[in-house]
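Listed next: structures, encoded as structure tokens.
One chain, chain A, appears in both complexes that follow, with chain B as partner in the first and chain C in the second.
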Partner chain A sequence: MAENTIALLSFVLTLMVFSYLLGDVPLIGNLYRIAVYIFIGMTAAFTLIVTYEGLILPYLQDIQDPSTNWTTLGNRVDIYIFFTALLFGLLLLLKPVKSLTWLTNSVLAVVIVVGAAVGAVGALTGTLFPLLQATVAIPDNLTADFSALVDTLLIFVGTMTGLYYFHYQARTNADGGVEQSFVGRGFRHIGKVFLVTALGAIYASTVLTCLTILTERIGFLFQFGA
Partner chain B sequence: MGRGQGVGAFFSALVAFAVGVTVMLSLLLGDNPALFGDRPGSDELARRIALPGDVLLRLIVIFLALSIVIGIANLLFVHVSRLTSGKFYSAVLLASFGFTIYWYVTRRGDTSLLEAVQLPIESALAALLFVSLVHGSSRVMGKRNDIWGLLFVAVVVVVLLASLPLAELAPVKAWSDWLMRIPVSAGVRAMLLGIALGMVVTGVRAVLGQDRSYRG
Partner chain C sequence: MNEEFNWLEYSESVERAAAEAEENSGRRGLRRFLPGRPKLPRFPNILRRLKLPRLSRPRWPGLPSLPGLPRMPRLPGLRRKAQTQESVQPSTAELLGGQTNRPVEELDDRLRALRERSASGMMGAPPAPAPNQSLLDVDEVLVSPAFQQKPGGVISAVALTKAQQQQVEMLKDIVGGPLGTQESDGRRLPRPTSVFSLSALPRVLGTALLALFVSLPFVSSDFAEGELPPVEFDEDRNSATTFYNLLDNIARDDYILVAFEYGPAAAGELDMLAELLLRHIFAQRATPLIVSSNPIAVVHAQNIIREINRSLSDAHAPLTADEDYYLLRYLPGGALGLRELSENFGDIARVSARGQLTGLEFASLQEMTLMVLITDSAEDLRSWAEQVLPEVTDMQLLVATGFAAQPLAQAYADSVEGVMGPVYGMRDAYTYGEKLHANFSALDPSPPEQEPIVEPVQASDGADGATDSNAVSEPQIERDGPTALPAVSASPEATATSAATETSQPTSTSAPTDTPAPTATEATLLAVEVTSPQRVNIRRGPTTVDDVLALGYPGDLFEVLGTNGDGSWYQIALDNGLEGWVAAFLVEERVITASELAGEETNDSASLPRERAVMRLDFTFRLGKNQPRFYQAQAPAPGDRTELVLTRDRSQEVPRLQAMTLGTLAAVLVIVIGNLFYAARGLLRRRDSSGAR
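The block that comes next holds the complex of A and B.
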């Protein structure tokens, strides 16, 4: 596609999306929706292409290539896996058949449990252990540098109280209502300070990212118009 | 619940437990010969432990790829059925889908369609998000007129001001750096640890059959 055509299409589509800011004006209001539907159709097509080219096609090529064996059983394992996956897909399509619900549920169970197991192991080894190690790690120059000691302590307190904020424990009082202990309430408040600060910073970073993109888009519109 | 359904539910839970425990053990113990010491054959043992997990993961990856194809086919069927009732936007979606596939098949490796259509729309939508975010933050103080709303807006303002390239704002930049290094780092760690703990608990509950979300 010629560079001018790409620029013209980009210009028109950017204006179509920005027409959202004008609200429900007749004709112009539809331009935003048209751009969004073009986007959905194209995203679906690219997803299909990437799935086919990146996953299904290489897998089918691996099945035919004896040099890609990853077990002692040869490429037969890949063939079994492919047909089992196909069978799983077909079984899911049979979900409306009541008498086969146990079978479709078993397929869903395999998919969900494998995802849950991978997520749990990944969270354990990839997030939980490294973050806990980083939080309780003591810097080498801690005794020499007082500010490093304070910073380390603040991070430790912030992480622990922030984590405590997600934990809700209360006891029943004499009136039958529930109340939190004074210490628990205090920990939750300290944790909330750290969490609100973190959320504010994340929000500001997102605003900055979007502002950068908006500036680039407006710059492009002016550049094209000139 | 009838007897047949009860047996079916038990079968599903049993399959879930067996598969979940196999994958967890494979991922934790497999491909790590150091766990089995220096004894001979530890490499082979570690590889064998990893094998069931690898097989199940490959199976799920291929199954998910096929599910994506089924999902896109479903999207197309829904919009084709809407065409009969004269929905214009469905025609736009189908035309966009068809044209992209045609472009890919006839001009392999040409990414100009991506540059001309996909990227501008994505960028413009992300730019529109700026308006929503600024509108949202202006409403925070109106809706939550307390110390937490004030703290949130104060942090947002400090981080935004610190991003300006002005020498006069050097003290604000120092505050922002400290905020990012200590309280924000601690808060994000707490959130990540909370998410990780939640994932571990949810995963173990699913494996043990306590959380049977697969029952339709």
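The block that comes next holds the complex of A and C.
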């Protein structure tokens, strides 16, 4: 019974989402919005539940349990961290109070700065260095394998010209116009070819993703109808 | 535009007033509030000379104003004052509202809504729209007149190249157009939309065509178009084969970290792949630890496991949380959460998503056998590659993605050591499922006639009796192909050749499983024994950045061929004739006989538990920095839970794949027709506009 109800709800919600095709028109347009609101509301509710159960509840249980030795979840430092996070969270709630907004901003500044630092370090060690290394790496069997040579050259040229495409330095002519050098324009054009090819591949991949999801939904509709 | 607010002049006048006030008081900054302090030497105010914008100071509540001192004007107050000026630049919505280059009927719904909002939110009396009024020049839009009036100010002018001017013209074409209705008081109101809006017609027709094509295979098998994906990954998909083989080589009770980084929006694409990967892990009785930085993904993972349980019959025990699998608490904070996972895994593994203690005790992430990432987003892959992978050594991250994230995933797999795969999209999922199904069908216990006849490996009387008895209880089974019935082999060396790939592994030909005692007449050789408690990497060269050729396990013996300059690496001979390097601190030198080495190899591949027998390099090749390595797939062991693979519902797979084929055709059709339509309309409009001029 419960499964049938869920399937029926899924069927109705799917049709409501598909009503978006008809545009923002009275009644029908609202169906799409209602489906989206339900999805957002349920997402928020699940997020709250998962956050409470997985993150907050363990600390509360640990604190309330008189037999705990403060080490169930790690050590005492974890508890301090928890209270610090709780304090930060409470300070965020002060955002509507204009005279205390600076407190909220200070908390946000800590989060943003730490996040930026972690992100920057990770980007260097996890993406930039390995990709750079792979870009300039010369395969062992370069002379023996022509395809390896072409592959390496393509990667190198594509990376360099792709980067150069975002280079906007130009000279000012005597008449006040702005003009890039001939070589610079050439690099930009080559870089544009690589970028357009890459973006085209990503676009095609996105279309395939949408098609996959569409087939799944339509398959579900037929399965439900059967 | 004559009454515009000159921000620079105003702020500079304020600064001048403040400087004069400070000079009059004899002190600068906060010092002017302190009585009786000697005057300090003035520090050259470089920032003031540079005329950089001043930062606002926090306004402390309750600070008493001292009599006799001038009040410093506050920047927020200036900002508020600036915002109340009537002559500030109009907003983008207002600018859009004044365009007349394009009929409003041709605008997209969202652009039309933006125009309508601009009409309803117009500040003050709207300027009377002149007929055929063109878009403001970019100089007028982008550059504040106040800045223009200041010689040498921040921006004096914007110079556009010809290409940029063309893009501006194109922008005019896109967003220009008169509003539909106008009230008598001059205030424009939103044009009422109708159910049968013509602007929605192309979209509806295109989608209807797409939906029709996609629906056909579900209606009738007569529309079964397109070939199904192969049951084995193509030869040029070595990375996908490696993905499968690595996951096929996990052992019972191994812990696999599975990252669920997708939510319900991508469920239609990734659920099939995620379910397959989980079933593969479960079937081998390994234990997945599921984590995610997305709370909804945690819930979704629970639903997938519930579906797996639902597919099992009553005769089979369902999967149990915190026993067969662990759903760990979610990782808040995006990259920060992943960083916490990599550095503080032990604490995270202690708590489940339901807030209960799991009882798991891990010192670090290194204790995982593999990491599997299932994601629909390239950003998530980037975060894992940046925050988690650099923190672990010699750990593979298997990446399963959707189509959209595949390009970036491929780049990471080709360039970043440790990233394997990707397996992506529905076609790969189908191939993976067929491969898995064929592999585990060999051990399907349900039909009695298909039950393999097992001939136990002869137990040895030697020192390795314990491991030989293990071989008797868990014989290895060889199969010839994905669909062939299992052929049972009693020869130890055959157990390592049960690969799905056809390349046979050159293993030792010495069959005896008992190890003869070394005699004085036998030649000895220098070997190294793996003494590390963990498996060790055998690399192509004597550095940690070289490719991993094979893995060595505690107790493995390898013949030493040489060392590097400082003796920190041994060059060793591998079973398949290749040569590799292993770090010296992970091994110990031993002098052994050739027969002892051969016996160790034979035992290693024949009688040890399969996690040691199967992790053998089949062949390896290298084109670039991190080309995929092949590991052999293995036949399932009798203790594997084959029902977890064989009970999978596959009824929708073939129609969906055929729908994908037809849908791709329809999508191309829609895109081509749509582009032709808009190109023709653009040409017609251009001809009309040139005729009007």
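The definition used in the following text is that the second predicted complex is superposed on the first by the 185 of 226 C-alpha atoms of A that agree within 3 Å, B and C clash if a C-alpha of one lies under 4 Å from a C-alpha of the other, contacts with A are read in each partner's own complex, and residues count from 1 in each chain.
Quick note on the criterion: contacts are C-beta pairs under 8 Å (C-beta built on N, C-alpha and C of every residue); 3 or more make two chains touch, one makes a residue touch a chain.
All figures in this text were calculated on a predicted structure; none of them were measured in a lab.
In the superposition on chain A, A:Y165 makes contact with chain B only, not with chain C.
In the superposed pair of complexes, A:G191 makes contact with chain B only, with no contact to chain C. Of the two partner chains, both chain B and chain C are touched by A:E216.
When the two complexes are overlaid on their common chain A, residue A:V97 makes contact with neither chain B nor chain C. Once the two structures are superposed, chain B and chain C can be ranked by residues of chain A touched, with B on top.
Touch criterion met: A:T206 reaches chain B and chain C at once. Within the superposed three-chain model, A:I79 lies out of touch with both chain B and chain C [touch as defined at top]. Shared-chain residue A:A148: touches chain C; no touch with chain B. Annotation: chain A residues 21, 39, 43, 46-47, 51-52, 55, 78, 102, 114-115, 118-119, 122-123, 125, 127, 131, 134-135, 151, 198, 201-202, 205-209, 211, 213-214, 216-218 touch chain B in one complex and chain C in the other.
Residues of chain B that touch chain A in their complex: 4-5, 7-9, 11-13, 15-17, 19-20, 23-24, 27-28, 51, 54-70, 72, 75-76, 89-90, 92-97, 100-101, 104, 110, 112-131, 133-134, 137, 148, 151-156, 158-160, 163, 179-197, 199-200, 202-204, 206-207, 212-216. On the chain A side of its complex with chain C, the touching residues are 21-26, 28, 39, 43, 46-47, 50-55, 57-58, 61, 72-74, 78, 99, 102, 114-115, 118-119, 122-123, 125-127, 130-131, 133-135, 137, 139-141, 145, 147-148, 151-152, 176-179, 198, 201-202, 205-209, 211-219, 222-223. Interface of chain A with chain B (complex): residues 1, 5-6, 9-10, 13-14, 17-18, 20-21, 33-49, 51-52, 55-56, 59, 70-71, 77-78, 81-82, 84-86, 88-89, 92-93, 95, 101-102, 104-106, 108-125, 127-128, 131-132, 134-135, 151, 154-163, 165-166, 191-211, 213-214, 216-218. If you check the complex, the residues on chain C that touch chain A are 58-59, 61, 109, 113, 159, 161, 193-195, 197, 199-200, 203-204, 207, 210-211, 214-215, 218-219, 263-264, 266-269, 271, 295-296, 298-299, 329-330, 332-336, 339, 346-347, 350-355, 357, 376, 382-383, 385-387, 389-390, 402-407, 411, 414-417, 425-426, 622-626, 652, 655-656, 659-660, 663-664, 667.
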